[in-house]
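Same chain, two partners: chain A is paired with chain B first, then with chain C.
Right, the complex of A and B next:
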């Protein structure tokens, strides 16, 4: 499970960068309801406003973005009586483009909510985003990112770079830092600078690199990839390395499992390489080890 | 009647004779129980729910079904906190009407699912305590089931159970409809009759072992002819 600890920043959330991208939303600066929140010293200057025109407002923006508290110290949401979907292993590394491998399990507490989750989000034909952490957070923000990338394309008449796309995502979630979002994602793609891979999370990290593994099973995946990665791997060997790394992570991590989805991003865009059930991979590797 | 210490455990009941200190804190949520199930076939979908509305040790109503008809091809099942279920269905109805007026057509199942996801995420920091499952026909006439978590994460399935007895029902569905954990079994496609019988059997089992499930079962069968409803009695104890 992607672990964030209890980071609560004391200062104000940063200004209205979101308004640059989404111009018409001024309800974003109104304060949300102060209902049952843990924050002890709530500022007296902001009377709790009970307002939710968002779901019903027929504005040009069909998306209802969660309200930001602009000056109240950001605190986690109302104590929830239920667990949210978490837990995963995702992996991406540079080799003949970018190889992206993910598992497909979603857990809510100790209950397995689904074994068939799609954790790779196809932002556009040459950009992929992976999902780790809170399922709703990842899918919502990456869907919003897909929209922003399309708007960029329309405004600038050229494709967005991987660096810019990851920066858009990082800036969007930074507004909500400390409020309890849980998202650890990798933005993978191919632009005019070649292959691109950035790790973005809801803590505000955005870092480029050539190998990342994210999620509760990431340590197991790192072990396998680090020991098997060599510069002269072929495409099939690189894909097999990614697949094996995720399989080993699902073997040891209770919160990862299901199927291994493998994608590759090359100069013409992304392609879906394979989908393998972990149980079948287990039989296959056992048979191979038995033959040796 | 609303006894706050009873809900301190995240909605489920604490022990009957609670010794020691009790912390009284208002929680905006209550847990009203109920189980919802949806199954998708080749050209049909079934959405079923029990009709018991409970709170703590009491039953508020034996006739409170959790299936809500959205369009002629889509039914929503929601369980969890009844107050949030009511508000959410009102909001969805309003948004459906708005869409119909602006676009001159009804929303498709996939579109309703995507919209529900954003409605739920709009309340990411004070969520609707509702477990939703949408069942219906997609544009090609095939059965579709979409299952959600309380903050809007969703995906399309062929079967899903949600609510209080979901952890009991889902493995049974995995085995009978998904043919999981079975070897040398012929994967027959699911017929409407088999699906209906399975849903009834599965709810009867749930009523035996889950206190929040029982009283009656309401089935909504969605085919291209329309939506048929059926009520089946369950254990009332």
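Right, the complex of A and C next:
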């Protein structure tokens, strides 16, 4: 039997291998009336936190905690022709401005679709957005955010603050909550209050802080950054910490890899610091460890 | 995973909330404030689904401020609580219900201190003490046992510390720090954050 690939054979009973299969038909087989309806009671990815009337049972704590590497989006109302993936590792932290480090792998199920994805979106010369989740969702909404930021500048004759930009994005995607958007982004920038870093996602979270890691490899990155972060790091050491954290995440997480793109946002705006292939980093760190 | 608690005294209300903002199994922020100031003497504590909490609480906050601007005087805590409940109830059977659990605490010149418990099904109850979250299962009985209507401020803080100790002892999750505020005739006061007891 010839296999013509996941998208076409998904859901099909094995028949003539030469039969043409149009994925669009499956996509539309769901009743259009259901499209966009928020079935919040049946969302599988939200753990049953607040069912207070039920008595405590040993399994009352969320047994299936939705891991960020799950490839099934939460909303059942939007059918997808093939599984998209939220595989990525992105991180940002305050140190001499904001250090932003991302990987560059895109996956569709277990297939690596690309190793050269740009996951940092340049909103304007002093604001950066990172991409985790659905690539289309991230780039579309952040492009829309760029437009809104420019309109703000024209109306108010001053640059938009990082807090306001992240609030604009959060309010925009909140309108579509439950409809299948998948986006976990960090808005990083420098405004008159200094460096700013906000995490915004398609669930409606918006939280400011000085260190975030987002994506399926975020837990691995948190481990490295949390243990290596000190207040008196130099610029090069901070950049190396970001680079190392992404590398360690790509080492453990199958859905992250490619190259590590490093940016830094300072008072004059953002600058691209470096791009390093993960395999070369691996050889380099192995050699360094071998020398010890 | 999130925890809210409120204790009403004869002339004050003590409220506390944990300060963890979590996403799945990661603590994204350790010092997140879950209390929203509706007016000089009313606090709204809000936990629940991501996004819904901030959006709903800010909506109520702005509307309470709007009432003050339009009418020249502030909503009382009872009125604010009923206003909040009505909004929650209106959205409950819509396509976009807000999944939030609330505590509303306030001080009224005429009626004194008050604490209102509200849940995501829009139930409203005025109570002398209340708690939300899994931690409530462990601490409500402590409040039942030791609460008295004539608690002094220090005794109320001690009662709160008893509850936090129980959480640290028996609750599976690590709720390290709590933001604590007290509302009385003078307004809202920040008390010091409750830290982990030294083991």
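Note that the second predicted complex is superposed on the first by the 212 of 292 C-alpha atoms of A that agree within 3 Å, B and C clash if a C-alpha of one lies under 4 Å from a C-alpha of the other, contacts with A are read in each partner's own complex, and residues count from 1 in each chain.
One rule holds in what follows: a contact is a pair of C-beta atoms (placed from the backbone, for glycine too) under 8 Å apart; a residue touches a chain by one contact, two chains touch by 3 or more.
Quick caveat, the model's predicted, so the values are computed rather than measured.
Among chain B and chain C, the chain that touches a larger number of residues in chain A is B. Of the two partner chains placed by the overlay, only chain C lies in contact with A:203; chain B stays clear of it. Once the two complexes are laid over each other on the shared chain, residue contacts for A:179 go to chain B alone; chain C is not touched. Judged by the touch definition given at the top, the superposed model places A:212 against chain C, while chain B stays out of reach.
Looking at the shared chain after the overlay, A:139 reaches chain B, while chain C stays out of its contact range.
Once the two complexes are overlaid on the shared chain, A:222 sits against chain C while remaining clear of chain B. Once chain A of one complex is fitted onto chain A of the other, the partner contacts of A:161 are absent, as it touches neither chain B nor chain C. Of the two partner chains placed by superposition, only chain B is touched by A:113; chain C is not. Comparing the two complexes, residues 52, 56, 65-67 of chain A contact chain B in one case and chain C in the other. Interface of chain A with chain C (complex): residues 37-38, 40, 46, 49-50, 52, 56, 60-61, 65-68, 170, 174, 177, 199, 201, 203-209, 212, 218-219, 222.
In the complex of the two chains, the chain C residues touching chain A come out as 1-2, 21, 23-26, 28-29, 32, 48-52, 54-55, 95-97, 99, 101, 119-120, 134, 136-137, 172. Residues 7, 10-11, 25-29, 31, 80, 91, 94-95, 98, 102, 115, 117-127, 129, 147, 149-155, 157, 167 of chain B are the ones that touch chain A when the two sit in their complex. Listing the residues of chain A that touch chain B in their complex gives 32-33, 35-36, 52, 54-56, 58, 62-67, 77-82, 84-85, 106, 108, 111, 113-114, 116-118, 134-137, 139-140, 179-181.
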